[in-house]
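In what comes next, subunit A is part of two complexes: it sits with subunit B in the first one and with subunit C in the second one.
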Partner chain A sequence: MNGKEKILLLSACLLLLCPLMIYGQKDQTGSILLKGGHLLTITDGNLENTDLLIIDGIITEIGKDLQAPDGVSVIDVSGKYVMPGIVDAHSHVGLDAVNEMTNPITSEVKIADVINPYDIALYHALAGGVTVSHAMHGSANVIGGQNQTIKHRYGTHDPYHLIMEGAARTIKFALGENPIRVHGEGFSIIPNTRMGVETVIRQGFDDALEYQRNWDGYREKKSAGTIAKPPQYDPRLEALLEVLNGDILIHCHSYRSDEIYMLINICRDYGIEDLIFQHVNEGFKVAPELAEFGAMASVFSDWWAYKFEVYYSTAYNTTILVKNNVITSVNSDSRELIRHLYLEAAKAQRYGQLSDNETLKLITMNPAIQLGIDHRVGSLEVGKDGDVAVFSAHPLSIYTIPEYTFVDGIKYFDRSEDPDDMRVLTDIEDDLNHFMELYSGRGDHDCLH
Partner chain B sequence: MKPIFSKIILIALFFASLINYSAMGQIIQAPVYGTFLIQGGTLYTITQGVIEGDLLIEDGRIAAIGSNLEPPEGATIIDAINKRIYPGFIDAGTQLGLSEISSVPLTRDFNERGSLIPYVQALTAINPNSIPIAVTRVSGVTTVLSSPSGGLFPGTAAAINLIGYTPYQMYDGAKGVVLNFPRSGKTGRWDRRSMEKRDEEYRENIKKLNDFWDEADRYYQLKTSGHLKDQKNPPLDAMLPVFENTVPLLIEVNRAPDILEVLKWAEGKEIRIVLTGVAEGWRVANEIAESGHPVITGPVLQTPSRAYDRYDRPYANASKMKEAGVKVAIRTNEMENVRNLPFNAGYAAAYGLGKEEALKSITIVPAQILGIDDRLGSLEIGKTANLFISNGDPFEPRVQIEQVFISGWKIPMENRHTQLYEQFLERSPGIQLNE
Partner chain C sequence: MIKNFKIQQLFLLILSIAFGSVDLSAQLSGDELKEISDDIFIQNAFIKTAPGETVFQGDVYISKGVIIEVGVDLQKRPEAKLIKGDSLYLYAAFINALSQAGLPDEPDDARRSAWRGAPGLTPLNQSGIAPQNHIRDDFELRERDVKGFHREGFGLIHVVPKGFVMAGKGSVFPIQPNQSAPSDLIKEETGLFAQFRNMRRVYPSTPLATMSVWRQIFKDLESQKYYYEKWIEQPEGLEKAQISNEYRSLFPVANRQQSVFFRALENKEVLRAQRLSSELEFDLIFCHTTVISPEIWKHLPENSRFLVNLDFPEHPHDKVSKTEEEEEEEDPKDEEKEGDSQEPESEKTAKSDLDTLPPGMTNEEYDMLVKSRTEAYENIMNFSAGLLQKNSLAGFSFLDIETGKSLAQLRKLLDYGMNEDDLLAALTTLPAEALGLNRIYATVEKGKQAYLVLFDRPFTEKEAKVKFLLLNGKIYEYNNSKD
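Up next, the complex of A and B:
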């Protein structure tokens, strides 16, 4: 074997190994026994001084005096509060791009293609007990791209390792000022008003249905043995058909009650049953209509007045929605808020005095339902994923501090081991040029943990 | 029941419903002025410990504190058993009243054209009827510093109490001249200037600052020595109170190297200097402590200034500075959500500052820094009656702020947010217009 052949063989071996390495990483889960915690199960009340066992990434047992199987480490969490990993139903962390704003409809683009596993915000989220987030397309167009629910497996180099397998497929819709500003004001095209926003959605759905009919006609002819020309494949309309079929859930950026009601009507007309509104600051004004349709709401705790369409908002939105039986979550939509979603939820106690469990549901079970992952996360139940957050005090107290966060039974955050400086690949006293070379142009993402 | 009586009752009900409807609109009930005796609560005085007892509000001031106070004639008695009473919180860094809707430029009044304009007055543009004011004060925040922002000297900030129909009714007598200290290095991710260009612009800004400062200093010297009697120079006139030490210079600075630069710049200047922002204060806490300059820091709820910094640096920043011996007040730097001040203080408390110091950081400390501690910042006899009653620790989200008093006025505990809550919790008509 000559030198060239050796190199070829070596490269071939490496190429073969690469997917295996990634696969191996993807399959990685952990086991841990958390002893003696105060468990906030969400679905089955609070359990004092109770153990929780996670084996290979799945909660296998909840009870007293559990024994750790061989090789499973134990953490004493007595006096601490153990809750399911927090789920953020609206965020943009871990992404390299957010808005494909070039057309009022870009349903074909996928957030899954722009995941950035090095984003430090993923770690900050873990340090706030958040284990799952809904990485969303932006609100620049009426029908944006397809979102991706991710697990915060920070530390991986593989973007796809963050993808939460089995999560519902979702798509971003956006109403009101943002698409109007970008397209009407910016590009001088429809939509320039909320009337136009409705038109764009209905036209999109009608185009998708016509596309479907063309394909049906083609297939009919083909099966009848007639020679026929197939319609041109259109990924944009294909995605809209999946929305119409219920295979992709709508998560719609919205503020004003009229536009919220408008989309409910569209969904009724087109037979779409699953509808989740995002932000939905004026959801409280049409709470009975939301409840009647079965639409859900994912809200800010207290954001308002940053633009005109949120000027007539109230921090009591969450409470009004919950009391009107709308399944409601509190989200971050922010690299800052995602670090303390448990405080954002707790504000529903300041503004409307929700009970502890109603409040905790806003950041666990309810967002899990909205993302179609409530069979996997959102509560402490045997058989669910080992996504768990441990707090020093009740998570709705201002004085609580997140101490450990687990995803799939693996400890991703441990406050006692948290480094002062997150840089591990470089010594700041070391040769700066080397550092610049490694990370040129990646200013915001120069950290690994 | 005789028909006539039922008619009267019906009419009475009709008028009662009218009153109810007006409460559902944008009109807020009037505040009430008078003599109030708050009985049997726990008084968190801040400066004199925690006392079980009564507190008397009279003529807009705290007239008495003690046990079993005799109610003066005509006093309204407020039962505060199992309640707590705190001095009103002070947010010494906001844009409250200066902006209404952030994305609508014509409603933003905090950023005037020009760079050397210390003469523009925040107090002029404060809108007493701004919707966020009523939203803020029911949280227990009763006093804020509203600051202009923008250029090097963007204007003069003013402390206001959150009651009144003109800026001057609200004004609490304290001002501050704002200086945005030149920022070295990159201004953010999107700053594409070359290193040379950045350095050059930074040096230019420092020179601009020093030239203006020297001119203001000379102007002050000449004025005090009886020269330039009839001369008017708005930018330099606005700087006089700083040199006269009647108004502090509020220096906005956040990055550690810039903080050190400010400390150097301030050496030998015999004026009242306050550092504001100070996001990286923890990096140079000892140096700040040595300088003796007080700090108004915040928001506490922000991301670390450098991506590689420990995630909780902003939470622990106030505590680290306090530990080093710095006098620290906490601000939100907010407009519509100044109501989050107690939550910012609560996080600082949890991450090292402790409850007591955190309370001080939004009461007596900002009062001292702004020079209004003779009348605000604690529950003491003779001080302005800015205080509130809560059913527990006001930093805890679940706790309710039940009654707020500002300048002796009993504040209606309503605003647009509570009104919308009342109107829509059980909306009527519901789904059907005619059931």
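Up next, the complex of A and C:
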């Protein structure tokens, strides 16, 4: 067996390890009663000593002295803090591939095709209270691939089980140094400057509109009974048409204020109304313009200076955006930061004195809005999904420890039942010395793998 | 007188050579071809006509390479070459259902495309998308590989191209030396061999784009093919239809006249290939799969077919027990000592596997790991039997198996839910069906091609040896005393 086959054999072994047998074969949804916690609802204030009932994956009741129906387990969370499961609006965990970097536009590729349910980072994220993440294409291309919002239903062998049904369709755009470096410097093709980045986007949209005209003409002839040669089918341009029609939301990696404003102008020119910027380190400079357009922002708490275009940054960026009425979230873009996203959000209190609820919204309701899933998650409300995180203290406290994480009412993380090895697969040919090495991946910026 | 006597001697010598009796079955070495004979009579063999069907002490009459009759106490044809089948076991010759033997080695830089332009503009055939590729002109088995296959009972081989995303079309050949004329081909195009293997720095370079390029090609093909057929039918007044070689070669795949043999090793690749098949409606056979999880089945149609990877891993902890035994043999004095503190069994087990446990690993963790790895191994070994029960086993993939090592691997499955008939089916009727050969190959029946093998005992026994192999009208005898 050659080396590659040995690595792939990792994916061929089936056994659920003993810890997973505690949960058994996961059903699609679960039921649980959490009693007596401090509920941080996000939309309806904080409720002391209150119960939360989840039946078949949906929050069905919030109140005091609730009784568990037959067969529903009860967990006493007295003294603990119960919040909606954290939503990370920019992530690359749970994927086998991130960047198809061979063309400046690859709108046809779909992250949903390469989900990897075995990524241990999914479990690490659950251990930090994160129940949903926006699995994104990388930032190598001006227009990258179609992203996929996933639920961290870790422990399954079925990649499709992670897909969050009904989530809005989104696509990755990227401005600035990354696409310039990959394509201009790397392959000597456009874009080689920020001018080129703008041109690629405009040309892509124009090509898509011409493609639509050609196909409309063909269909017209066909319905009139004329035999005509069809235009070439192009899924890349089909996807761009869906962006122009508003069926796919743009999530755009960007840093500098000039390029942020450039993309707002492009969207105005082509009638695109929904736009979410990612990273947005200079968002504080154009916060009113972002708000005026209705654009949203998903930012780092305090990550900058790792390349030239992110030198001009401030830890107050988050607060400035929020105070200027830009729907803002804090994201990780990192398999390390996702483990403590609640502390990343808390930095916005240190730098800007956002209130508790404003801060919690950065990692709950606001990213949910940005991903088009706010009707399902982002707050503790009757009728919403049973995605819940329980902490030992207030989630924004430096002393807090995540204790339980539920997705669809199923307990996927329990600190008291957390063995060292939570891998789903066992590599039967691996050296035993690797058994004790925990794979944590890179802790740095994951956009360009 | 002397001159005449010498001439007489010479004449007699010539006569004796020309008409001397030569027992073909006993005298020739195993590697030489017998004289071509139109008629062959195999007498008194234990015949497996098909998996689960047996004729005891049976006869087979063959003429011009076709089985004319199979039965008991058939009338012996005096003109036919006789093969005495006493104590021999006759099967249809085995089919190697997936191989790349006989093809040239890939260069070390095979993944580097010749294209030097923009990666996104790479022509299809320089990006690993070459469905029109054929291997019929490149295929040639070395003599030692022919013998290696013959000695394990293989008479037919399905060879697929090396390559990338769409590597090209497979073909079926007889396993014989000196492959020559295309007329020797058993089947020219079985289907398209595809895989999630990409070239570097050209589109598609990741599974992301591989999935997309399949969609792009097949959906475009649908409309282009429609127009092309209309243009063929009535070109007057129409813009000329132009179909590339790549697209033309995909017509039979799009029409489901040919299958896609998709190399899909495990859960994720199986699901990706299945997703493409469902969306694009091509017929799919999963190849080289090691094992899949029960959870995955809900995404697969009932008639899914697999060519299982025969390159099973070693048992992860066999060496532990062997080492313990060896230690016992080497150092029996330990047993005689009294009063010495004996380590717990788990400690002994751990230390047989490694010099020391990895830092931080407890014996309990080690035991759990042994258990999980052993169960994972058993899942792999039980996979074939499970597929058979679902009618999803199409045979085996021999892509990573060295010539001559196949039967040893197959016999391991006898301990994991498969019996001789199951293995015989996986080597004959099942791959024949998958490859579209079952009308005239893979069983010992009247009207079928005489591709047959005779073992000296059931082929599932460890010491079984091939005595004769018949294919393409020729007899190959293997005299094992000279091996």
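Observations
The rule we apply is simple: the second predicted complex is superposed on the first by the 393 of 449 C-alpha atoms of A that agree within 3 Å, B and C clash if a C-alpha of one lies under 4 Å from a C-alpha of the other, contacts with A are read in each partner's own complex, and residues count from 1 in each chain.
Going forward, a contact is a pair of C-beta atoms (placed from the backbone, for glycine too) under 8 Å apart; a residue touches a chain by one contact, two chains touch by 3 or more.
Just so you know, these numbers come straight off a predicted model, no measurement behind them.
In the superposition on chain A, A:382 makes contact with neither subunit B nor subunit C. In the superposed model, A:316 lies in contact with subunit B only, and not with subunit C.
Applying the stated contact rule after C-alpha superposition, one finds that A:96 touches subunit C and leaves subunit B untouched. Once chain A of one complex is fitted onto chain A of the other, the partner contacts of A:336 are limited to subunit B, with no touch recorded for subunit C. By the touch criterion defined above, A:195 lies against neither subunit B nor subunit C after alignment on the C-alpha atoms of chain A.
Comparing which residues of subunit A touch subunit B with which touch subunit C, the overlap comprises 420-421.
Those residues of subunit A whose C-beta lies close enough to touch subunit B in the complex are 120-121, 123-124, 127, 177, 284-285, 287-289, 292, 302-308, 311-316, 319-320, 323, 335-336, 339-340, 343, 346-347, 349-353, 396-401, 418-423, 443-447. Taken in their complex, subunit A has these residues touching subunit C: 1-2, 5, 8-9, 11-15, 17-18, 96-97, 99-104, 106, 108-111, 113-116, 137, 145, 156-161, 187, 189, 227-230, 232-236, 420-421, 425-426, 428-429, 432-433, 435-436.
Chain contact summary for the complex, subunit C toward subunit A: residues 118-120, 122, 201-209, 211-212, 215-216, 219-220, 222-224, 226-227, 230, 238-239, 241, 265-268, 271-272, 275, 290-291, 293-296, 298-299, 311, 313-314, 316, 353-354, 358-361, 365-366, 368-369, 372-373, 375-377, 379-380, 400. Within the complex formed with subunit A, the residues of subunit B that make contact are 100-104, 131-132, 186, 189, 301-303, 307-312, 335-337, 339-340, 343, 346-347, 349-351, 355, 393, 395-400, 416-418, 420-421, 424-425, 427, 430-431.
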